[in-house]
Structure formats: C-alpha cells, structure tokens
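You will see subunit A twice below: alongside subunit B first, and alongside subunit C after that.
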Partner chain A sequence: MTLQFKPSETFRDTFTYAKTAEDILRFPFPFPEDEYMYSVNIEPHVKGGPTAAFQAVFDIDEHYVAECRERAKVLAEDPKRCQVLPHMMAAEWDTLELIMESLAADYPEHFTLTKAGDLWTWVNRPLGLQQSFTFGKAETLPCPPFEFITRQAQGDFTLQDQREDNLFVDGGMVTTQADWSLEFDIGMTFHEWHGPVPLAHEKGVFDRALKYLMRLQCGQPVRRLNWTMTVNPRLDTSPENYPVWGPDKATVTPENVAEKVHLRVELQTLFRLPRSNAILFGIRCYLTSVADIARVPKWRRRLHRVLRDLHPDIIGYKGLPRYRQMVIDHLAPFDDGVPTSRGIAPDTDTLDAAR
Partner chain B sequence: MSDQGIKSRPKYQPIAPEPAGRHHLLVVEGAEVPGGALAEGVSPAAFEVWTVAHRSAVPGAPVMEEAAGAVRTFRSVPHLLGALQERLARERMGLRLYGAGTEPFVWDVFGIAQAAGLGRQETGFAHVGTQARRIFCVHCRAVTENVSTSIVTCSGCGASLFVRDHFSRRLAAFMGVQVDAEVPGEVPEAEELYA
Partner chain C sequence: MSPAATCDVRVREIEPLAPGLKRFSFEPAHGGLFSTPPAGGHVMLTLRDGARVMKNAYSLVSPPAERARYDIIVRLVAQSRGGSAFLHHKVARGDVLEMAPPLSLFPVAATAKKHLLIGGGIGITPLLSHLPELKARGARYELHQLSVADEAAVFERLLAPFAAGAEIRVHGGGRAAFDMAGLLARQPLGTHLYVCGPRALMDAVSGTALALGWPKGKIHKESFGDTSGGLPFKAVLKRSGIEVEVGATQSLLEAMEAAGVAAPCLCRGGACGECRTPVIEGEVEHRDDFLSAEEKAAGTAIMTCVSRARGPRLVIDL
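Right after this comes the complex of A and B.
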C-alpha cells in the first residue's frame, strides 16, 4: 500500500496530528496481557509481527515527513539534543550505513542508495533530498553522519559503546523522548541511565538485560515495546521542556480525556554495529489517543484493565496520577469483562465507531 | 525522601592502593588527607599526595614529582585541577588516581581522568565532608552549588527545582527538575536533607 504522507501535521501548539484507520490498526499496542509489570520482554527483531509496524527494519508511516520536520525544529531550538562523543565516529558511519541500506531495501519507492566504491549517493524522495558523499569522510556530508541520517528517520536513537564489561550511552539523537535527557545522561553506564526506573532493578531486569545485550550479535537485532502516556500528541516530552508541556497534564477533564490522552509506545530496537562493535538503540515513538484505541474492542478492554490494576510505583514514575482515573472511568463502560486473546494483535481489520 | 531509590547515585568506599597499580596519586580537596578517606591500616605514605591550602602564598612545585610519600600543595581547587590535567596528559600506563573530598570535587577529578583516558578501574573515590550537592538544572543548564535542601531555586532560571537522586558523573551534579511545572506555584516546603 502506498503511504500518503501528511507533511503539515503538527506535534505542538496546534496539534493537528491525526491517524487514519490503517494507521490505528498498525499501532504496536504494548500490552500482550491484561496486566503489566516490568520484564525483559526482548524478542528477535524479524520482519512480520502482530501489526504492520513490524514489517520493516526501521518503520516508516504516514507521519514520516511531519516527524522529520518536528525533529528539525527541536534541533534548531536545542542543538544539544544530538550529541555523539568523539570516540564514536566509527559507530556514526555504521549507523548511517545500516539505516540507509535498510530504508532503501524496505522502501525502494521512497529511498535509493547507490554505491560506486566509497562514493555513495543517497536519495530521499519524501524529504526531497539527494546527497553524494564519500563513505568514511565526514567532511563530504553537510553534518556529522549520525546526525545526517537520524534527521531522516522517525524515532530517537542512541549509541552504546561496549567496554569495561558495560554499555555506555555515548551518543544520541533524542528529540521525541519520554522524559529523559541526553545532555544529562550522556556517558552513563547501563545501570546509571536506568537509575530512575522503579522496581525493575530489584527484579534483576537490568542485570539480565545488560548481560543479554553484551552478547548481541551483528545481523541479529532484537526488539521490545515500552510505553507511557502523554497529554496531547506531543513528541518532544523532554525534561528540558517539562515547564512547557507539564501544564498540559492539568488540562485533562472527563469531557476531553479520550481525545487528549495518548498511549505512547516505544518500539525499541537494538543492533550490534559491525565496525565499532557499538550498539545502536532505536526508540521509535507511536502516539494513539484513548479515543482511537477505544475503536478496537480488544485494546479498549485491555487498556482499561492494565491501567486499573497498575502498580502504584509505575503510576508515579510514568507521570500518570493526574489523569489515570479519568482514563479508567472513560473506558470502564466499554469493558464488558469478556476475556481477551493473548498477544497484542487487534484481532480485527475494521474499526468500531468512535466512542 | 533522602533515598529516592535511584541507582545512578554513586557509592563510595574508603581508598586503598589498587595492587596492580605502578604508582598511586591521591588528590584531596583540603590541606590534609581527611580522616575516613583511607581504608583501615592504609597510610598516606603509600601515595603521592596533592593537597589544597586555600591560600595564595604557596610556592610552586613540579607536576611530575613521582615518589610515594611526596606531598604537593596547591593554592586552590582550580589550581590543583589544572595541574592534574597537565600531569595526566604526560602519564604512562599503570598510574592509579584517587580523590577524596566533596562530591563535586571528586567527580570533577573523575572527569579530568576520563578525558585523559583513564578507565573507571584506574580510579577510586571517597566522599568526605559536606553532603551538600551540586545541582544541574535540566531546563536551563545552570549549576547551583552547595545545595542542602530537597527543593532549591535555580541560580540560572529561577525555577523551584526538586533535587532528584539522579547523578551525572560527567556533570558532577545531581539533576534539578522544576517541582511546579504542572501547576505553577504548587511548591512544597523545602526540607533540609543534605547537610
């Protein structure tokens, strides 16, 4: 199916972001069961999956052009949202290669990569870009290679260096984040940058995840889903701009809750990189309003049950206390108590009427 | 609230010379090696020691003095940190670097060590003295020093910052996040926590 991009939709101020029916049904709904707790929910990142969001190495959807424009705005306002420590240059080129080759293979109608030895030409039709450059020579690109390619991808990316039996977050492009700061966290070890997450340390989640990731193999990427909730379809919920978006949380009412509150899902992917032995971490953000989720019977039942029974520490950490009850109250009348099937698939290819 | 359960907060141990080290350099924030900085039974004579006199009339001394037991005195903390950069730039493998002092001091030392290529296993730090914190405002990037309360006014943007336990070794600082961002003016009373 051909993607119809919506270049003028916005993720701030006017919030004109909206989803087509196809886009709702391809949402990577994050709850495989009716209750949620932290776990090492990592699986191979292979094509095919419960929704269409899993059919490419780097998923592109109808919001691609608008999201790239939003990223450019954030970077213009705060260039430090993209930083890579100097020893990571090989990982920068690894990233450029992986994303260019993947996009060109998965979306040949939109992206083309041609190579004549080290002389590469990259064509990005949705953004109207064509760039010839010499692979490995940063001065032949208009900006450093990691920034160049991640400006043309949806979702955030970080680079992890592996040394001293640990992973260090030594670079990133972070403009669509769920409340964490690259400027603060850059250079941290795996356990340090996950420091603020409650419960999971005690459950050994990070010890196990670190061991697993240190053995990640080139060509065998893995993925997991993570989630939170966001008021308004705002991509940039950074700590830096918390004084700007924080007041949104106090604007939720029982009347507007379904349109205002969005389930925010991160399709997280991890790739071992060939030259640098670093790990590229993709954090692809999807926003779907409670109203749109309520159009899928399985999803509305399950979201209601998960939120109703959520652990208090997770409610606090994810910043939900001001409006969680309103979401539950909105969804409760649509939860008839019928059992739901395992897994995240919507189990339908049509949507119910809005409710 | 003083332990928010956040795991990026550093843990410290009393300093002892790491057996694999060729030479051991200990830098301290005051005029003497503070009590409690060294592990039981460890003598300051095991280290080359750099101290800070906090006065101007201190004669210069060579940066590369290597003998264990030697003591070099600096006029101020920036004076010591500048010399440390020079020293580490000229060092060979096998040096072990230790720091004892307040948290901002030891992590400034760590930052200089890291920039010079020392790994975490080649350094060791003891936190002695005040528990007061350096706070990095995540909104405006200003640093507020010597914070002993749970909430502090940012020296840069004036926001009322909640002091999170989240610690950046690179910035040698804890994170400050505006406490009333969601409902401006809703500022809880500050508690004295980090004296």
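Right after this comes the complex of A and C.
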C-alpha cells in the first residue's frame, strides 16, 4: 500500500497531528499482558511482528515527512540535539550505510541508493532530496554523515561505543525524546544514563541488558518496546523545553482527556555496526491518543488494567500522577472484564466508532 | 546470542600464496552481496568431509568495502582436526559450502590515539581486515609481523597495499630477533595493542605489555569466542512426553524447536528469563546471565536458549 504522507501536520502549537484508521491499527501497542513491570523485554528484530510497524528495518509511516520537518525545526532552535563525539566517525558512516540500504530495500518507491565504487547517490523522494557523495569523505556531504541521514529518518538515534567492558553513549540525534537530554547524557556509561530509572536496577535488569548488548552481533539486531504518556501529540518533550510542555499536564480535564492524553511508545532497535563495532540505538516514537486506543476493544481493556494496577514508582517516574486517574476513569466504563489475549496484536481489522 | 543461520557460499577463487598457505574467495551462492563485514571479524565454515562435519572459524581478510566476496587465508596444519586439510585438498573452485555470517570479537578501538598491531604467522589474517579500516579512518598505526624466513616475502606482499606512509615491518627471524619489550615501551600514551598468533606469542605480548604498565583495556587479543555448542545430550520433556537429541552445535532451545516444540523464548541470549524451565533430573551447565548464583547452584532451572546439560541426560518440566 502506498503511504499518503501528511507533510503539513504539526506536533506543537496547533497540533494538527492525526491518525488514519490504518495508522491506528499498525500502532505497536506496548503491553503484551494486563500488567506492566520492567523486564529485559528484548527480542530479535526480524520482520513480521504483531502489527505493521514491524515490517521494515526502519519503519516509515504517514507522518514521515511531517516528523522530518519537526526535527529540522528543533535543530534550528537547538543544534545541540545532534552531537557526535569525534572518535565516532566510523560509526557515523556505518549508520548512514545501514539506514540508506535499509530504507532503499524496504521502500524502493520512496528511496533509491546507487553506488559506483565509493561514489554513492541517494534519492529521497518524499523529502525531494538527491545527493551524490563519496562514501568515507565527510566533506562531500552538506553536514556530517550521521546528521545527514538521521535528519531523514523518523525517531531518535544514539551511538554507543563499546570499550572497557561497557557501553558509552557517544553520540546522538535526539529531538523526539521522552524527557531525557543528550547534552546531559553524552559520554555516560550504560548504568549512568539509566541512573534515574526506578526499580529496574534492583531487579538486575541493567546488568543483564548490558551483558546481552555487549554480545550483540552484526546482522542480528534486536528490539524492545518502551512506553510513557504525553499530553498533546508533542514529539519534543525534552528537559531543555520543559517550560514549554510541562504546563500541558495541567490542561487535562475529564472532558478532554481522551483527545489530549497520548500513549507514547518507543520501538527501540539495536544494531551492531561493522566498521566501528559501535551500537546504533534507534528510538522510534509513536503517539496514539487514548480516544484512538479506545477504538480497539483489546487495547482499551488492557490500557485500563495496566494503568489501574501500575506500581507507584513507575507512575511517578513516567510523570503520570496529574492525569492518570482521569484516563482510568475514562476507560473504566469500556472495560467489561473480558479476558484479553496474550501479545500486543489488536485482534481486529476494523475500528469501533469513536467514543 | 544464538548463532545466526548459515548461508550457502560458492568458492569463486583459490589462490596459492605459499606452500601450505591458500587464499579462498567466496561469493554468495544465490547471488547478491554479502553484508558489510566487521573489521577484525571472522566467519564459521561448516565443512562436510563424508560423514564428518567440522565447524572452523576463519578471520576475514577482505576489506569492509568489499561486499561481492569474503576472503580467508588458510594454513595447512599437519596436526589439524582436519579442517585445513579438507580445504586445501578437497575443496575446489565452484564448490558450495555453508558459512555463518561474520562475528566481531576483535574490533578496532574508536578512542585509540595510535594502533600497534602484532601478528605471528597466520595470525596476520585479522590484522589484514583491520588495516583497510585504519587507513579509511586516517588513523596512525604500526604493524609488526613475525614470520619464518621462508614466508617473509608472502607477508610483505600481503601488507604492501598498506605500507605507504605507515610503519610496517616483517620480522623474518621470528621472535628471537624481535625486541618486543623495546617496541612496547616506546609507544605513546593512548596506543592500543592488537595481537594475533600462536597462544604463546599472544601471552608473551600481553604479559610484557601488562608488566610495562599498559592498561588492560588497551590490549586486544584475537578470539573466536566461546562456541555456543558443547557435548551432545538427550533432553527429556516430561510433560510433553518427548525426547530430544541436542546436537553439539545446537542449543537446547533450537533442538526443541526443531522437534516442533513451541518452547517459550524471547531474547535467545540468556538475558530476559522468558525460557526459564524447571529441571527435574540431571545437572545443568549454566551459561546465562539471568539466574542468580544461588539459583544456578540449586540447579532446579535451566535457561534453554544458552545453557546445556552437564552430562548425557536432562529431564525438564515442559
């Protein structure tokens, strides 16, 4: 199916972002069961998951063009959202190669990559870009290779160097983040940048995840889903801009809760890169309003149960206290107590009427 | 990680480099290109000599930019388990072999100010895949190759493309004529050391470096890693009433899947805990990061994706 991009939709101020029925049904709903707790929920990143969001190495959807435009706006306001330490240049080229080859293979109607030795030509039809350059020669691109390609991808990316039996976040393009800052975290080790997460350290989640990731091999990427909630379909919920979006939390009312509050899901992917041995971490953000989720019977039952029974520390860490009860109250009448099937698939091809 | 599926590769060229040294060039048997190989990476070849099946790891010597072929160099070893003799004597151009995609356990350090590479004999092979990457990065490097006199010219020729403007030396007199301590002592701060060759050489180089005060994290030795396999064993799935033979190169999980059992799993790397299965009888060789030391000592559960039986038979509650 050909994607119909919606280049003018917005993720700030006017918030004209909206989802088609197909886009709602392809949402990577994050809860495989009716309760939620931290775990090392990592699995091989192979094509063909429970929704259409898992059909490509790097998923592109109807918001692609608008999200690239939003990224450009954030970068214009704050160029430090994209930073890569100088020793990561090989990882920059690895990233460019991986994303270009994957997009061209998965979406030939939108992207084309041709090579004549080191001379590469990249065509991005949705954004109207064509660029010839010499692979390995940064001066032949209009900006460094990592920035060049991640300006043309949905979702955030970070680069991890592996050394001293640890991973260091030594670069990133971070404009659609759930309240963390690359400027603050850059150069940190794995346990340092995960420092603020509650409960999971005690459970040994990060010790196990680090060991697992240090063994990650080329060509065998892995993925996991993470989630939080965001008021309004705002991609840039950064600490830097907290004064802009923090007050949104106070605007939620029982009347507008379903439209205002969005379930924010990150499809996180991890790739070992060949030349650099770095790990590319993709954080692909999906926003779906509570109203849209309520149109899928399984998902509305499950979201209600998960939020109702959520651990208090997680409620606080994810910033939900101000409006969580309103979401629960909105969803409770639609939860008839019927058991839900395991896994995240919507179990339907059609949406219920809006409610 | 569980090992990736193998793919069929065709021998496109065999080039004798010296008596007992051959370069094998492979291409994907079904067309297309290989994935970009990791610098310092190696592949696992499955060699079938009649009823005998051998799995041997070989460093890739072709550069990351080369995707049409993967090259390895194989030394014919008199006392080998048979892999090198099979490749040298029985494999011909056009033959199709099974190859697991490359793994990277000997990468190039990103933060090094300088790279010092030391090879011994056929241990030159992973260094040959480091050199194009170092050159592409514009990195500062120095390489010393130890060799018997007869083979010095071969190694000179293999290293020639990387010699311009770099310090590369082949020591045809072997270790006796090589001032290892002097070389290691005069390196600037921030140098990373890479060594590949006979075990004795690797131990001598890393031991000398440590004695001179080199930080451990700056010393890199070639490794093909721990193989994921082990001795074959029989797994008895008590609840299902099935017996599964777990082969030497298979995980318990893979063997159960091959037998049509829908066993639980997620990460396939011993981290997530999903495949935890109660053990009723038999001893477990734990290889996971999930179970605590106490749980491992108790031996009442196994992570089927990575752990094995420490004995011929294991009875599990599945």
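Keep this in mind: the second predicted complex is superposed on the first by the 355 of 355 C-alpha atoms of A that agree within 3 Å, B and C clash if a C-alpha of one lies under 4 Å from a C-alpha of the other, contacts with A are read in each partner's own complex, and residues count from 1 in each chain.
One rule holds in what follows: contacts are C-beta pairs under 8 Å (C-beta built on N, C-alpha and C of every residue); 3 or more make two chains touch, one makes a residue touch a chain.
Note that this is a predicted model, so its numbers are computed, not measured.
Using the contact criterion defined above for the overlaid structures, shared-chain residue A:275 touches subunit C, although it does not reach subunit B. Legend: residue contacts after superposition of the two complexes on their common chain; A:164 is shown touching both subunit B and subunit C. In the superposition on chain A, A:44 contacts subunit C only, with no contact to subunit B.
Of the two partner chains, subunit C is the only one touched by A:222; subunit B is not. In the superposition on chain A, contact of A:186 is made with subunit B only, not with subunit C. By the touch criterion defined above, A:25 reaches neither subunit B nor subunit C.
In the superposition on chain A, contact is made by A:118 with subunit C only, not with subunit B. Using the contact criterion defined above for the overlaid structures, shared-chain residue A:285 touches neither subunit B nor subunit C, since it reaches no partner. Between subunit B and subunit C, the partner in contact with more residues of subunit A is C. In the superposition on chain A, the residues of subunit A contacting both subunit B and subunit C are 163-164.
Interface residues of subunit B, counted against subunit A in their complex, comprise 5-9, 114, 119-121, 136, 138-139, 141, 159, 164-171, 175, 177-178, 181-184.
Listing the residues of subunit C that touch subunit A in their complex gives 1, 4, 35-39, 41, 64-65, 101-104, 107-111, 133, 136-137, 217, 266-273, 289-290. Taken together, the subunit A residues at the contact with subunit B in this complex read 163-164, 181, 183-188, 191-196, 198, 201, 239-243, 246-247, 249-250, 322. Of all the residues in subunit A, the ones that touch subunit C in their complex are 39-44, 87-91, 94, 97, 118, 135-136, 161-165, 170, 207-209, 211-212, 215-220, 222, 272, 274-278.
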